[in-house]
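Look at the two complexes coming up: subunit A is in both, with subunit B in one and subunit C in the other.
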Partner chain A sequence: MSHAIEEPAAPAKKGKKALSEGKRAERKLGLMLCAPAALVMVAVTGYPVLYSLWLSLQRYDLRFPDQREFIWFENYATVLGNSYWWTAFGVTALITVVSVVIELVLGMALALIMHRTLVARGLVRTVALIPYGIVTVVAAFSWRYAWTKDTGYLAQLFASDSDLLTQRVPALAIITLAEVWKTVPFMALLLMAGLALVPDDLLKAASMDGATAWQRFTKVMLPVMKPAILVALLFRTLDAFRIFDNIFVLTNGAQQTGSVSMQTYNNLIKGLNLGIGSTMSVLIFIAVAVIAFVFIKVFGTSAPGSDNGGKR
Partner chain B sequence: MAEIVLDKVTKRYPDGALAVSDVDITIADGEFIILVGPSGCGKSTTLNMIAGLEDITEGELRIDGQRVNERAPKDRDIAMVFQSYALYPHMSVRENMAFPLRLAKVDNATVTKKVEEAAKVLDLTQHLDRKPGNLSGGQRQRVAMGRAIVRNPKAFLMDEPLSNLDAKLRVQMRTSVSKLQRRLGTTTVYVTHDQTEAMTLGDRVVVMRGGLVQQIGSPQSLYEQPKNLFVAGFIGSPSMNFLPATLENGEVNTPLGAFPLTDRVRGLVEAANAPREVIIGLRPEHFEDATLLDDTERSRGGTFTATVEVLESMGSDKYAYFTLEGDAATSAELDELAADAGSHDTGDAGSQIVTRLSAASGAAEGAEAQVWFDADKLQVFDPGDGRNLTYAD
Partner chain C sequence: MALIGATSKNGARARWALLDFVVVVYALVPVLWIVSLSLKSKETIADGNFIPRSWTLQNYVDIFRTSEFLRALVNSIGIAIIATVIAVVLGTMAAYAIARLDFPGKQVLVGVSLLIAMFPQVSLVSPLFEMERSLGLFDTWPGLILPYITFALPLAIYTLSAFFREIPWELEKAAKMDGATPAQAFRRVIAPLAAPGVFTTAILVFIFCWNDFLFAISLTSTEASRTVPAALSFFTGSSQFEDPTGTISAAAVVITVPIILFVLFFQRRIVAGLTSGAVKG
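Here is the complex of A and B:
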């Protein structure tokens, strides 16, 4: 203890000295290896997030830069008290729920087909994935041309005398269809990974126990692959809530078909209103965070990558 | 409860591979029958065909006299226990065991009663509300058994149910499976690759090899009267000793020396029209330390002297290993058995024999020992087709 008396500053240092040389080197190496990624994260996500938070608290319209002023939460009151926002919110929620539900059903069917395929397995899987491999904007344009009155083949097939993309309900249906078409393969891929987790013996045991094919699916397969289903739903819901490209190309938000992201784009980029636009993007961020929170805490979705070993 | 009849049942896969060929087995009501053989012999395929998990290519499967080839597993009223147990991980032990009853739309009170009964039999009562993931291997195995017995099926099928347990537990569970089966009196077909399990559990044992039934019989008859070299080598532990030999003028010339055949053996061998070159088989327990025997006993067999290579004392007996000069006995069956045991490339020259001697034997490692064998227990095999030339119906 004489050591401590000689050097009063020792206690703080001593905690660190308890680590061996090797441990310290390891920790240092760890920090250094993490540093580049952490820096990039701070630069490309941390800074914009904080900056948009900062902007959302200001009256800041680039057309009237002189009126820039710090106004606390007035922007939030403006946006949340506005019917355009709530219409867009409703449209987004509707598209999200409807498209994710359809995607889940079709994705499951596709996953089962891909899982059970015996011949030309690789070919079937590749073909099924093509829509997912096409750039959303390109796909959206092809849908738009297909539904354009007089020239589009789908328009001629189903409604040759009216322009569906200019009517609200049909337009929303087409947007949902485009979303579903594009992301079913992604859903199917995630679900197929889940299907691989269901041991064959379990299905055999169920059929010995007297289960029909449907009972095997609902009582054994679905519960066992529930974690994979929840992860797939989480990913897709978060994605679907931020829908932008399809709407932008197909209707450009006309006839009240715009999503919250469209509204944000209109205010922020088109309207140059940095304050209101940032407020909306912060609100989207919050909505997405709430969705993720609900999935993880309420449904018990395990975040991808987290250890699930003990819960089996 | 039911009688199960396999009538020339054959399984051929689409690629032409023949997994099971012309299997004829009649399993009596309440019988405990074991399908045993090395991996790939078709025993599991046969079981799956009885279960309905695999289609039957040819032949007929009858349960209680009715053809069931085309019936789905769920309509055959058979329960199966899997090697992996196949417990539903999302259900509690109670729900796992109740699952077949729930599917059969049995009312709640009956389900509860039956599950509790089964749990009591299997000593699972205090685990009913736990998930399978939190149970030990032995407990899981019992849950799997419980799920099979709750609905009183016509028959139990068990696919290596004890293979995933450690050695000690396996012996324990073996006894309880046997007791349970006797108590319930349900027809049971049990698949295993372990000949000890086969010998101890079954009323009758079916030995299979390469999709063909080799022999069907009680454990004792398989042991004493194997129909061919494969059954002789597969049944018994340590396994039978095989030596190349030649038959001449009622004598057999072996690496142990030349000995006269006993009248019984000679009669059988002559009736079977034996070739000159044969393989003889002797079980380890048919040897004894010659110094411990009196002259009358000694005269009933042959004696030889050899150096003890390894001596294992088990307390109750001693196992002495000898290596004899000359070529080892070779045949397709023996090669297959060695491959299955993983011992085909140990590279020992000559033929090794294992003898079980009395604990009183004074044999010592590295020293010469005089060993006697019971000549009347000699089995003679044809190296060409492997048939037992001393087999008597």
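Here is the complex of A and C:
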């Protein structure tokens, strides 16, 4: 918003000449209507982000407040030289990549089912929204108890004599399972929006020319859906990277299953170390920015809403 | 598999029915499991049976007897509703401006809200924790409502501006020409057209606030403002209950009820809201 206020005198943008009275009133109304939303967003995110940058440059542990001191980048050296941080980073990256890939495949299948099924379309769409809507913590508890030794039906089915959630690899797999289950419907809905853009005529024409179902999928549907797929991947990748709820409930980060968000939370709320916690916050922010940058610049993902001028 | 030609209508229908069934099982089994756990008696809770052998409502009676859960439920409902109302009101104003008016800084606003939508929430936890402590907002309702509004606003603005662009605004002019005052034109013509979009957005925003866990455990410390998802994680190991499995499950089922109701009654709207807001450029 601060930008918006700073540059109200930039009318040359679309080559318009002097503003008419009505135009000026419209601009004023537009700014006034957006101001409250913009103010809240900037106050609750913009300022805190800068503040956490400032905190990250200090030694600031709430248990030892008198040792507070400005130490430049020492916190960054501490965090980046710490093997726990890199373990958490690796876990986060692994869960992100694996779960997003599985979600893409299952989400595409679910999108096709929701879009094209001949029977009970309403039922399928309704049911598919349940994992999307359900509270993540609730779903995580369901999975935790399902895999708890003795208590769980899945534990009885697959591993009745060992506690999978206390072993690193199985625990990571269960975390990924919980994450995938919850977010496949969201992925499917985003993909379904892309699926709706595929013209039926094109599919019919391809089928007349003798294309198999697989060929129609890869040669006709996927290219048309590419922008929607990339946006869905971007959304989900950034979302998966901040995974927290599932891990907190399923393992609480034990056996090196913690994500970077878990590490930050532990340092901040349990350890009360604001300096280190803020440093981790900034590092996560940078990682997310890098992911978004790669998607937008390298894959050419169009950021949704970035080009709403003339398109619609 | 989706594009198999019409070999035989019945065969295709049977195949689709089978696929539908797989989806239903996928979506419902984890939910039914937690329901089943919540209905099991203390003796059978650890038997690993998917269907309870002995049924009881004792777990529900137990949680509604404790202030811990009741208080958390009140917090959850109050905080989510207040945050939803504010976010939808502010979002409606901004989305109206974005969809209908031409003004400088529009792209910046859209860009900033997109940025926030993708923002790692944990990055805000450290500064907000410190700021709220010094402002006295820590462990209060406003202390949670503020971040919820902030993260809900991008969602609200996107969904609403997508809806608003589809409204035939010429009708407003037509009504005025027919002699309606601006207030009448708004009340009789525009409000009924905009209401479905606003309502859909409210549902999505409510689900978002209802779901949050990270802010809820980081920015609260007592029953004063702890919401149910946060309180659930503190049931564990509480001395109040010998084995918290049943009570956690019952509480989990209670906070799933509103979600199920939304999904049952407003499926079409939710799908429309998510697909229009998220993908259209």
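The working rule: the second predicted complex is superposed on the first by the 285 of 312 C-alpha atoms of A that agree within 3 Å, B and C clash if a C-alpha of one lies under 4 Å from a C-alpha of the other, contacts with A are read in each partner's own complex, and residues count from 1 in each chain.
Keep this in mind: a contact is a pair of C-beta atoms (placed from the backbone, for glycine too) under 8 Å apart; a residue touches a chain by one contact, two chains touch by 3 or more.
Note that the coordinates shown come from a computational prediction; the quantities given were computed from them, not determined experimentally.
Contacts of A:M208 after superposition on the shared chain: subunit B is touched, whereas subunit C is not. When both complexes are overlaid on chain A, the residue A:Q156 reaches subunit C alone and has no touch with subunit B.
Touch criterion met: A:K226 reaches subunit B, while subunit C stays clear of it. Legend: residue contacts after superposition of the two complexes on their common chain; A:G22 is shown touching neither subunit B nor subunit C. Of the two partner chains placed by the overlay, only subunit B lies in contact with A:P199; subunit C stays clear of it.
Of the two partners subunit B and subunit C, it is C that touches the larger number of subunit A residues. Using the contact criterion defined above for the overlaid structures, shared-chain residue A:G81 touches neither subunit B nor subunit C, since it reaches no partner. With both structures placed on the common chain, the touch criterion links A:G30 to subunit C but leaves subunit B unconnected. When the two complexes are superposed on chain A, the residues of subunit A that touch both subunit B and subunit C are 207, 311-312. Those residues of subunit C that touch subunit A in the shared complex are 1-5, 12-13, 16-17, 19-20, 23-24, 26-28, 30-31, 33-34, 37, 45-50, 90-91, 93-94, 96-98, 101-114, 116, 118-131, 146-147, 149-150, 153-154, 157-158, 161, 165, 207, 210-211, 213-214, 217-218, 228-229, 232-233, 245, 248-249, 252, 255-256, 259-260, 262-264, 267-268, 270-271, 274-276, 278-281. On the subunit A side of its complex with subunit B, the touching residues are 199, 201-202, 204-212, 215, 219-220, 223-224, 226, 311-312. Residues of subunit B that touch subunit A in their complex: 51-53, 72-74, 78-80, 82-84, 86, 88-91, 99-100, 103-104, 133, 147, 157. By the touch criterion given at the top, residues 1, 3-5, 7-8, 10-11, 13, 23, 26-31, 33-34, 36-38, 40-42, 44-45, 47-49, 51-52, 55, 110, 112-113, 115-120, 122-139, 141-143, 145-146, 150-153, 155-156, 181, 185-186, 189-190, 192-194, 196, 203, 207, 213, 216-217, 227-228, 231-232, 234-235, 238, 241-242, 244-245, 248-249, 260-261, 264-265, 268-269, 274, 277-278, 280-282, 284-285, 287-288, 292, 302-309, 311-312 of subunit A touch subunit C in their complex.
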